[in-house]
Amino acid sequence: MKPLLKEIQHNKHLWLLVFVPVVFAAKELEHDAHTLLFALSVLAIVPLAALLSHATESVAAKTGDAVGGLLNATLGNLTELVIALTALRAGQYVLVKASLAGAIVTNTLFMLGASLLLGGLEYHVQEYNRISARMQAGLLFLATVALLIPSALSQADSVAGAAFTQKLSLGLSVLLTVAYGLGLFFSLKTHPELFASAESGEARHAPWPMGLAVATLAGVTVLVALVSEIFVESVQKAAETLGMTPAFVGFIVVALVGAAAEMASAFAGARKNRLDLSVGIALGSASQIALFVAPVLVLMSYLIGPTPMDLQFWPGAVVMMFIATMTAALVTNSGRSAWFVGVLLLMVYAIFAMTLYLLPPRVA
Amino acid sequence: MKPLLKEIQHNKHLWLLVFVPVVFAAKELEHDAHTLLFALSVLAIVPLAALLSHATESVAAKTGDAVGGLLNATLGNLTELVIALTALRAGQYVLVKASLAGAIVTNTLFMLGASLLLGGLEYHVQEYNRISARMQAGLLFLATVALLIPSALSQADSVAGAAFTQKLSLGLSVLLTVAYGLGLFFSLKTHPELFASAESGEARHAPWPMGLAVATLAGVTVLVALVSEIFVESVQKAAETLGMTPAFVGFIVVALVGAAAEMASAFAGARKNRLDLSVGIALGSASQIALFVAPVLVLMSYLIGPTPMDLQFWPGAVVMMFIATMTAALVTNSGRSAWFVGVLLLMVYAIFAMTLYLLPPRVA
Amino acid sequence: MKPLLKEIQHNKHLWLLVFVPVVFAAKELEHDAHTLLFALSVLAIVPLAALLSHATESVAAKTGDAVGGLLNATLGNLTELVIALTALRAGQYVLVKASLAGAIVTNTLFMLGASLLLGGLEYHVQEYNRISARMQAGLLFLATVALLIPSALSQADSVAGAAFTQKLSLGLSVLLTVAYGLGLFFSLKTHPELFASAESGEARHAPWPMGLAVATLAGVTVLVALVSEIFVESVQKAAETLGMTPAFVGFIVVALVGAAAEMASAFAGARKNRLDLSVGIALGSASQIALFVAPVLVLMSYLIGPTPMDLQFWPGAVVMMFIATMTAALVTNSGRSAWFVGVLLLMVYAIFAMTLYLLPPRVA
């Protein structure tokens, strides 16, 4: 416990942790004050994310960046999974799909782009393990194809009905889960040496002991999940009050807050010239949502949803996911980065965000 | 003849050659037993494909892998050409187009993917000549653009009528044939050194004498063509009996069996760590179908078809060809491979196959 | 002045400069002889382009190829800007958009392709700075995404009305201009060393003095602009007489003549084995039109146009711009070139040109 308390003393924005009990209290007392709850939950998620970042770094210091990044992505995406499961139980499939697509686009463009920009502002040129990045981009590409095909074909061929889409979605979910498992087997078992990090001459913080780090990872993730639930309940109504379209909320706001924990880690990695950690978190998180979270939700919808969910997305979301994947594949091809590469990714994200912000309501 | 007989003694599945006369006999006696003829013709094609593979390797051993691969693709695609010409004469343009698109997708994703997987299971990391692979991917990209434009524009602009599509298809066919010829000139005449194989320290089988190898190549190709014809006649009805959709039959079954000969060679190359041979056959075969077989069929349709054939494909087929090409371009970019790269390609193929299998009838 | 006169004596096709006064005189005397004016203006643009090419090379010799290429693109694109502003004032938005899309496609495919082909015919293999090329391709990709989104979404979602498209186009224009500015800052200020040219052992012509070169650049650019205006007025009617569709004229003819000045420079660079100059001009020019000229025109339309112009293009144009960008990104990935790479690019361009030539009138 001691290193944890020391961390809180050292790290100023960890004092924001007081908002965690505050948001739970406020929820009990005033559960209709949506805009207040929205603000409080965002304030509570930020320090939790920072804590998570430090714990993950401690683990990563002992296991290598690629595995650490994977671990981080797995725990970070628990947030998205919990959010989506809540919405799933309520049958809000449009929101579930929007947040899935939004998480993929946000991780691929915003998290990666901001990491490369932040890193590039401190280092002239940065290098990272491009084999690892290419593997993640490849998995993401596979998942995008799987999510694209049902939409593309039911566009192209209006005869193909709902039964077809449903059966196809179920099959694709199984395929994607298998691909995800084989990918883990490849990167952790048969070819781990390909995922070793590029050398970074940076001295690191004294890492926490393994036990504390893992316990913090687990405990803080649960807190993030609980706070996120309050966030999700309040965000839709708060957004209306603040004049945002549902499409913008689902894709951008939910995705940004849901990924706050991973972003803190990715940005910290980039600023310490450990770009492998950042790229691993950003692309790993995106491909994990596409290959693991999305299929799990389809399969779970048979158990806990009012009706089965399919993988047919709004065509605009498919276009955005495909472009985000292509952008990531092109950008990570070289294994080198400078600040402008980050700007390029952020600009593509800004184009999407602006489009969704202006889009007349009706689509989410 | 002696090395040929020795090969048959050595190589156990060459005893399947007895099915070659059997299928011809069965065809004479029971030409309505479609499911039987279907099974017999598949059994007969397998050993012929193996024989073709050995003969091609013998030639390749003397001419360099790239030229050998090209030669193999040329002869292997005779099968596809004969099948398509038969269907063309009967005016079955939907089947012709489905088998063309299916052959491109199958060679690019299944043949390449299975080669990389089989090779990767035996060797930790394999290398191949990426300049050669990039050239093939470039040709394939060009062909895909040519096949995509008529469909994309007649989608985008419904005024563009049948006369436009027909004239455009004729012009594109001439363009593609010219590009194919220039590509051969480039790879065989002006820049052959770019297509030299990466070193492979593997000892090879004693190759057959050139004359026997070439004679076997020619003779067996003719047998494959004859058996394939029986296969095509029976496959559609057999598929119905077995509960497959026409789209699945055209794209997947015909393409897989039609490419069996090349696959045997490509897989054998991969397992001997001669990945240049495998990549050359897979991508070379795909680009040859797109740049040579498809245009020839359009031009031939003016001579032997009931009406001229155009190059306007079903939109779903266009999407699949485009994705297959993008996948190949991204994957072959690095010139290195491990087993999981093969899995990625096979997964994309499985997504397509599953979609076509579930697609309600009406489109082929 | 002396080096300028010496150049005219040396360089035979500079005698074509006599057509500059001739075309102005003809315009005064016979302003309805469209086909004559069309022919005269093309004849007048050619020598002006050659002069511009020599002046740019003189400047480039002193500033490095990347900056020289940028300078060239900036001045060369003045032509396109003047043409488009003229059409804008007249409210001919369809022509403006066609010429923008055509300029992007023509620079990316024809100018780059012909440069690589011409260079490849003289040198076996050529190398160029692929980091610089990748940066240009990245900017172009960003711009293509920006131009694609309004069309893709209003396709996908027919509810999104004209007001949405207009607001989005305005926002995108601001974003693109910012990206363009940041790109210049990156390549000229913070990371100029990345854009240094690959070594070329070629001896160069004695360059002109800086003052004369800059003055020639400026003066000749103005002349090109004036002649281009006559060209634009006459081209539409001349094209009808010659049997061309409006789509073909806007995309191909206007774009080819409008880019004649830059092409002369790009081709000359390629033949002197200075491929960095050629690639810089071709891709730089394309990305500048997309990131700078197009947004400026949208913003200007609020000041001088009858109504505001948006960025929603004809879907066929979007497909062509996207394919052109993908092709450039794939091709420039390696930083090496041989003649067949040029052929591939030219073939894609020929596919587009043929399609537009055959397309029934109605779309421009």
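Letters A, B and C name the chains as they come in the text, with residue numbers starting at 1 for each one.
The rule we apply is simple: contacts are C-beta pairs under 8 Å (C-beta built on N, C-alpha and C of every residue); 3 or more make two chains touch, one makes a residue touch a chain.
Remember, it's a predicted structure, so these values are computed and weren't measured experimentally.
Because chain B and chain C carry the same sequence, their contact can be compared by residue number, and under half of the numbers here are used by both. Superposing chain A on chain B by their CA atoms means rotating through 120 degrees, a value rounded to the nearest 5.
Chain C has its Cα centroid 40 Å from the Cα centroid of chain B. Taken residue by residue, chain B touches two or more other chains at 333, whereas all remaining positions touch fewer. Across the complex, chain B meets chain A through its residues 124-125, 314-316, 319, 323, 327, 330-331, 333-334, 338-341, 343-344, 347-348, 350-352, 354-355, 358-360, 362-363. For chain A in complex with chain B, the touching residues are 131, 134-135, 137-139, 141-142, 145-146, 148-150, 152-153, 155-157, 159-161, 164, 167-168, 171-172, 175, 178-179, 182-183, 186, 190-191, 194, 329, 333.
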